[in-house]
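Two complexes are shown next, each including subunit A; its partner changes from subunit B in the first to subunit C in the second.
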Partner chain A sequence: MDVAALTFLALSLPFVAALVAPVLTRFLGHNAAWLLALVPVATFVHFLGFAPEIAAGEVVTGGYAWIPSFNVSFSWLIDGLSLTFALLISGIGTLIVLYSGGYLKGHPHQGRFLSFILMFMGSMQGLVLSDSFLMLFVFWELTSITSFLLIGFDHGREAARRAALQALVVTGGGGLSLLAGLLILWNVSGITQFSLLLSFGTELRESPFYLAALLLVLGGAFTKSAQFPFHFWLPNAMEAPTPVSAYLHSATMVKAGVYLLMRLNPVLGDTPEWQFLLPLFGAATLVSGAALAVRQTDLKLMLAYTTMASLGLLVLLTGLGSPHAVEAAALYLVAHALFKGALFMVAGIIDHETGSRDLTRLGGLRSAMPLTFAVALAAALSMGGLPPFFGFIAKEEIYEALSSFDRRSMVFAGLTVLGNALMFAVAFAIALKPFLGPKVETPRHAHEAPVLLWLGPAILALKGLSFALMSGLAHRVISSPMSSAIAGEPRTVVVSLVPHIGVPLILSAVTLLIGIVFYLNLDRLRAVMALILADIGWGPDRGFDQFIRGLLRFAVAITRRLQSGRLDVYMTVVFLLIAVVLLATPVRYGELPRAPFFAADVPAHELAIMAIAVAGLFAVVLAADRLTAIVSLGIQGFAVAVIFLLYGAPDLSFTQFMIETLSVVVLALVMTRLRLSPSDHRPLRQKLPDSMIALACGLGFGLFLLRATGAPFDATLTDFYNLYSKSIAHGANVVNVIIVDFRGTDTLGEIAVVMITGLAILSLVRLRAGSLKRGADRSAAEERV
Partner chain B sequence: MKSVIFRTVAPFLTSLMMLFSIFVLLRGHNEPGGGFIGGLIAVSALAIYGIAHGVETVRRAIYFHPMAIAGAGLFAATVAGLISIIARVPFMTGLWIYPSLFGVEIPLSTVMLFDTGVYLVVVGAISSVALSLEERGGE
Partner chain C sequence: MEAWFALLVGIFFTVAVYLMLSKFIIRVLLGVAVLGNAVNLLIFTGGRLTRDVPPVITAGADALGGPAANALPQALILTAIVISFSFFAFLLVLAWRAYEDLSTDNTDEMRVAEPVKEPMPPLGY
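Coming up: the complex of A and B.
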């Protein structure tokens, strides 16, 4: 097989695996995870095969035509950026599948869970590798949907359901914004593929639609990557089982927004708007996330808020756009995926083995769980940015990017130091507090986790160490190509573990000092944060509920207004609109008919028939009771039928006779059925508007007919039918031939409509009669009681 | 309805109108008439019978549920269109055969079948509505 087919296979394999996961799990139990993990391993190996090419600065594209007429393709783009993501997704995905095998061992729906996880993996893989806009959007929404399924996995709990819905509404809504943004990009550039867009030049930035496109794209990216003020769904998403939190809500899915920003940086970046909006929101997210993390005592929530802070940091760095900032973003993204994935899994292990993940109820676990302790410590060292871990390298580069001495950089440097110091404190609170100190009694007797559980975090923590020790190789394969892809031009990352005396190192030291101070005063800090938050009272989370409630109330109000359920209201609206259309259109376009032409020599019998029609009309309006009015309507109809007959339309006339007869019968029946009062007792004040509408409709139709018949008659069709009716369709009655032969398919549709209408009326009649009958039965039963 | 004259005449009137409706249906291709008009006449016939002798009598007389009649009509009309496809001409193309019965040549066509379908749909759908209204209207 060639590379394109293999890549397509790698993209679809997770979905296939998702299909078989439930069956496999039924037969093999939790050990199915070992087998299923082969899928992400296979994709990892496949994509690793691209590494030499990509490291050499090449870009691989491929794909198939999807909707060629719209220039839409199913195609992929593999460069430094998407390759790094693909490797992270499949690599961490492998570990997560294994971890899920252990974490949900014996769960009745473990198969379903693994299926969802694999589905998500496929969607995420597709998202980062998409070359075409539409494909990116489809996978983007697929990640939202799979995330919804995973957060709501424990669907018996209301909190989980609410969190799932919230995540879906926020990220799915953002997806729509993204779609609009991509469509603008498509319209402005005429391009539907990122690979072509990247070489499009500066035209997009100068387009008048640039700001609109940017804001819409940011709407998608910020909701997905939980930027302030859209962050609230992320902590709530911690309702999901821990493997989900580790995989979706720290290592991969929430980075989709950051990925998008990095992908579009070469075309949309480097403008005042970009460099204002991204750092602003990024910094706000960084500081608020880190501060909120301190407030929590639940291990997963602490990690969730630090994830939010890290995402803010990534957006901030992407927005700054300077060479060092881009490299720092690339390094930090990889480092964060490694240490945060590991820490989440550690939190899951602690929860799984002790039955609690509340920081204040844990302690002294080091002797029971030495291995977990070591893994946690390694991950925390990386998160705290200490050597010899990859986090240190990333942080050096971050401070390098912020260490110029203009005011803007200094502000952002200050905020970053604060955020990092807070995250440092949280990292060590998670890695040290549960393990050190006196032993605290936990709901479950603590012991070391099984291999399926510790394998994943251990490998991630070791990666964090080995990437740092072999930074040359890591930079060549990952960091440099990724930075080049983000920047849109070749870059080489050189930073290593060997520190240089300079501003970055000083900032690191300051961070370390403040971080230690924070760590030692964590309880006091938490109390202060709690007080501040209690003072504020309101947050976006509650705002979301208010928004949803308001939306529902709005929808109810609108529906009540439009769908009153009263027939007379509907009729009034319909006929009012008809009158407006018939009268306003000719006036607006000057299409009013000229004065009608009256023939001088109308035969006396025709005049008499018309007089009958008019008399019938007056009889309808003046009738004392409804039955008389209905019958009088028949008089007028019959008169019209006679006129048809006189003018040589026997079929039409015939039909009109029958219709008039039947409508009188049916109307009379309906009247008796609805038990209407014999006559209309409403006062004139209420009748007047209705009669005005009726008059307007009549006038409108009259004008319309006059205008239509005033135009010269085009006899082409008449001649055609007269000529061919006999010779083609073997029929002398042209009307009937048209109905059953020339336009037979029309008639087929019409009789179908007749039948469906009949069914609808029948069911309405039955429904009403049924409810009356049931009501009678009930009251009879009540009487018996 | 209480009128003795009406009750006595109604069955004859209904039978005549039914017959007439079929006549109108069959002659429709060459002279005024056709499935739609024929159907309406048949419905009027049923309505008269219903007013005179009550809905139950009508329901017994037509044997099938009116909606089933309408369904059969729609089916017949669709089949009339589909026969053309089997004969490898476009959907709804009229096909004619002229079998000879006792020396009389009788033109038969898919168009005829189609028009009969129209007739049945009209009869079924409208009489079904009228009957159900009449049935409970008299309570």
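Coming up: the complex of A and C.
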């Protein structure tokens, strides 16, 4: 197989695995995770095979035509950016599948869970590797849908259902905004592939639609990456089982927005709008996320808010766009995926083994869970930006990017130091507080986690260490190609563990000092934050509830207005529209018939029959009692039968006579049994509009018929039947031949309709009066039982 | 001749629509019956009018030659008459049963499916 076919296989393999996961889990139990983990391992190995090429500065594209007439293809783009993401997704995915095996051991729906996780993995991989816009959008929404399924996994709880719906509404809505943005890019450039878009940067930035496209794309990216004020769905998403939080809501999916911004940076970036909006929202998210994290005592919620803060930092760095900022963003993205994934899994282990993840109810676990403690500490050191971990390198580069002395950089540097110090405090609160101090009684007796649980976080923590120690290799394979892809031009990252005396180091030291102060005063800080938040009172999370409730009320109000439940209202609307269509269309398009020519040489008996029909019609309307109405109905029906007879349609005439007789008989039978109101008594204020509508409809149909008969007649079909009735179907009566031979199947359908109507009538008649009510009572009684 | 028929069809539709706009179920049914005739006449006239000569091939001839009524709309109408009758009969029985169960022939009072004071749908998640 060639590389393209293998890449296609790697893209589709997770979906195949998702199909078989439930079956495998039924037979193998939680050990199915070992087998299923082979899938992400295989894709990881496949994509790692591109590393030498990518490190050499090449870009690999491939794919297949999808809808060539619309210039849409199923194609992928592998460069430093997408390769890094693909390796993170499949690498961490492997560990998450294993971790899920242990975390949900014995859960009745573990197979379903693994299936969702693998489905997500496939979607996320497709998202970052997509070259075509449409493919990116499809995978983008697929990640939203799988995220919905995973957050709502524990669908018995209302909180989980609410969180799932909220995430879907926010990220899915953002996806629609993104689609609109991509369509604008497509229209302006005529290009549907990211790999070709690069040369259209200037054109796009100078287009009058630039701002619209930018805002729409940001709408997608900011909702997905939980930027303030769209952040509220992310902490709620912690309702999902912990493997989901570690994988989707910290390491991969929430970075999709950042990925998109990085992908478009060479095309849309480097404009005043870009450099204003991104740092603004990024900094707001960074500071508010870090401050909200301090407020929490739940381990997962603390991590969720720091994730939000980190995403803000990444957006901020991407928006600054300077060479160091881009490199810092690349480094921090990888570092964050490693340490945050590990910390989430540690939080899951603590929850799983002790039954609690409330910081204030945990303590002294170091002797029971030494391995978990070590992993947590390693991840926290990286998160706090301390050597010798990868987080330190990332932070050095961040401060390098911010350490020029203009006012703008100084403001952002100050905010970043504040945010990082808060995150430092939270990191060590999570890594130290549950493990140190006196032993606290927990709902479950604490002991060390099984191998399936600690393997994942341990590997991630070790990676954070080894990437830093072998920074040269990490930069050559990952950081430099990724920075080059974000910047759109070749870049080489050189920063290493060896610190250089300068502004960055001073900022690091300041962060460390403030962080330690924050850590020591965490309880006081938390109380202050709680007070502030209580004072504000309202947040976008409550706003979401208000929005959904308002939407529902609005929908109900609209529906009640349109669906009044009154038949005469529906009828009025229908006929009014018919009249408007029939009368307005010919006027608008100049299709009114010529003045009608009422032939004077019509035989007297024909006019008489027509007059009888009209008289019958008006008698139906004016009848004072129902018997008169029924008889008059018969009169107009028989008059129509005579008209058919006069105009060469004896078959119609006979049928019409039969049917009209039957109608009158049945109608008389039914109506005499009921005590109905004898005549039509509408008040005048109803009569007038009703007759206006009726007249308009009548006029419309009359004009329509005049116009139609005034046009030349195409008799092709009639001639065909006239010609072949005898020679092919051996029948002399053309009408009968059409019905039983040429259109025999239609007639069969008609017979079926009549038969079904007959059956329906029979069952209605046999159903005794009041049995409907009794049936309803019975089913209600059954429900009570 | 078509002008006279257009006038007739217009009157048929006017009466049918007027009856169907009533609040009383029997009036609506009468309107449905008239509407069937109105539509049949519309199709019939649309296929052009020919007096007296039915579309029947004379003995000895292989095809229909010379002026005869248009067979195609007749075939359509033949089907339509039967279908509209079964439809009418079904509606009639339905109205009768509705009257027996609800003791009213006023459509405004037939509110089982769409009650006047319908409660709000649940507001939770």
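Just so we're on the same page, the second predicted complex is superposed on the first by the 566 of 785 C-alpha atoms of A that agree within 3 Å, B and C clash if a C-alpha of one lies under 4 Å from a C-alpha of the other, contacts with A are read in each partner's own complex, and residues count from 1 in each chain.
Here is the rule we use: a contact is a pair of C-beta atoms (placed from the backbone, for glycine too) under 8 Å apart; a residue touches a chain by one contact, two chains touch by 3 or more.
Just so it is clear, the structure is predicted and the values come from calculations on it, not from any experiment.
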Quick check on the superposed pair: does A:P650 touch subunit B, subunit C, both, or neither? Answer first, second, both or neither. both
Is A:V765 touching the first partner subunit B, the second partner subunit C, both, or neither of them? both
Between subunit B and subunit C, the one with more contact residues on subunit A is chain C
Have a look at where A:N722 lands relative to subunit B and subunit C in the superposition and call it first, second, both or neither. second
Could you look at A:G437 and tell me whether it touches subunit B, subunit C, both or neither (first, second, both, neither)? neither
Give one of first, second, both or neither to describe whether A:G57 is in contact with subunit B, with subunit C, with both, or with none. neither
Could you look at A:G702 and tell me whether it touches subunit B, subunit C, both or neither (first, second, both, neither)? second
Tell me the contact category for A:G502 with respect to subunit B and subunit C: first, second, both or neither. neither
Where does A:G744 make contact in the superposed view: on subunit B (first), on subunit C (second), on both, or on neither? first
Just checking: does A:A599 make contact with subunit B only, subunit C only, both, or neither of them? Give me first, second, both or neither. second
Under the contact rule defined above, give the subunit A residues that sit at the interface with subunit B and also at the interface with subunit C. 650-651, 655, 659, 662, 666, 670, 673, 732-733, 735, 739, 747, 754, 757-758, 761, 765, 769
Quick one: in the complex, what on subunit A touches subunit C? 158, 161-162, 165, 549, 552-553, 556, 560, 563-568, 571-572, 575, 596-599, 602, 607, 610, 613-614, 617-618, 620-621, 626, 629, 633, 636-637, 640, 643-644, 646-652, 655-656, 659, 662-663, 666-667, 670-671, 673-674, 676-677, 680, 682, 690-691, 693-695, 697-703, 705-706, 708-710, 713, 715, 717-718, 721-727, 732-735, 738-739, 743, 746-747, 750, 753-754, 757-758, 760-761, 764-765, 767, 769-770, 772-773
Please give the residue numbers of subunit C that touch subunit A in the complex, ascending. 1-15, 17-24, 26-30, 33-34, 37-38, 40-42, 44-59, 61-64, 68-72, 74-75, 77-79, 81-83, 85-90, 92-97, 99-101, 105, 107-108, 110-111, 113-116, 118, 120-121, 123-125
Touching residues on subunit A, where the partner in the complex is subunit B: 650-651, 654-655, 658-659, 661-662, 665-666, 669-670, 672-673, 729-733, 735-737, 739-741, 744-745, 747-748, 751-752, 754-755, 757-759, 761-762, 765-766, 769
Which part of subunit B faces subunit A closely enough to touch in the complex? 28-37, 40-41, 43-44, 47, 67, 70-71, 73-74, 77-78, 81, 91-92, 94, 96, 107, 109, 111, 114-115, 117-118, 121-122, 124-126, 128-130, 132-134, 136-138
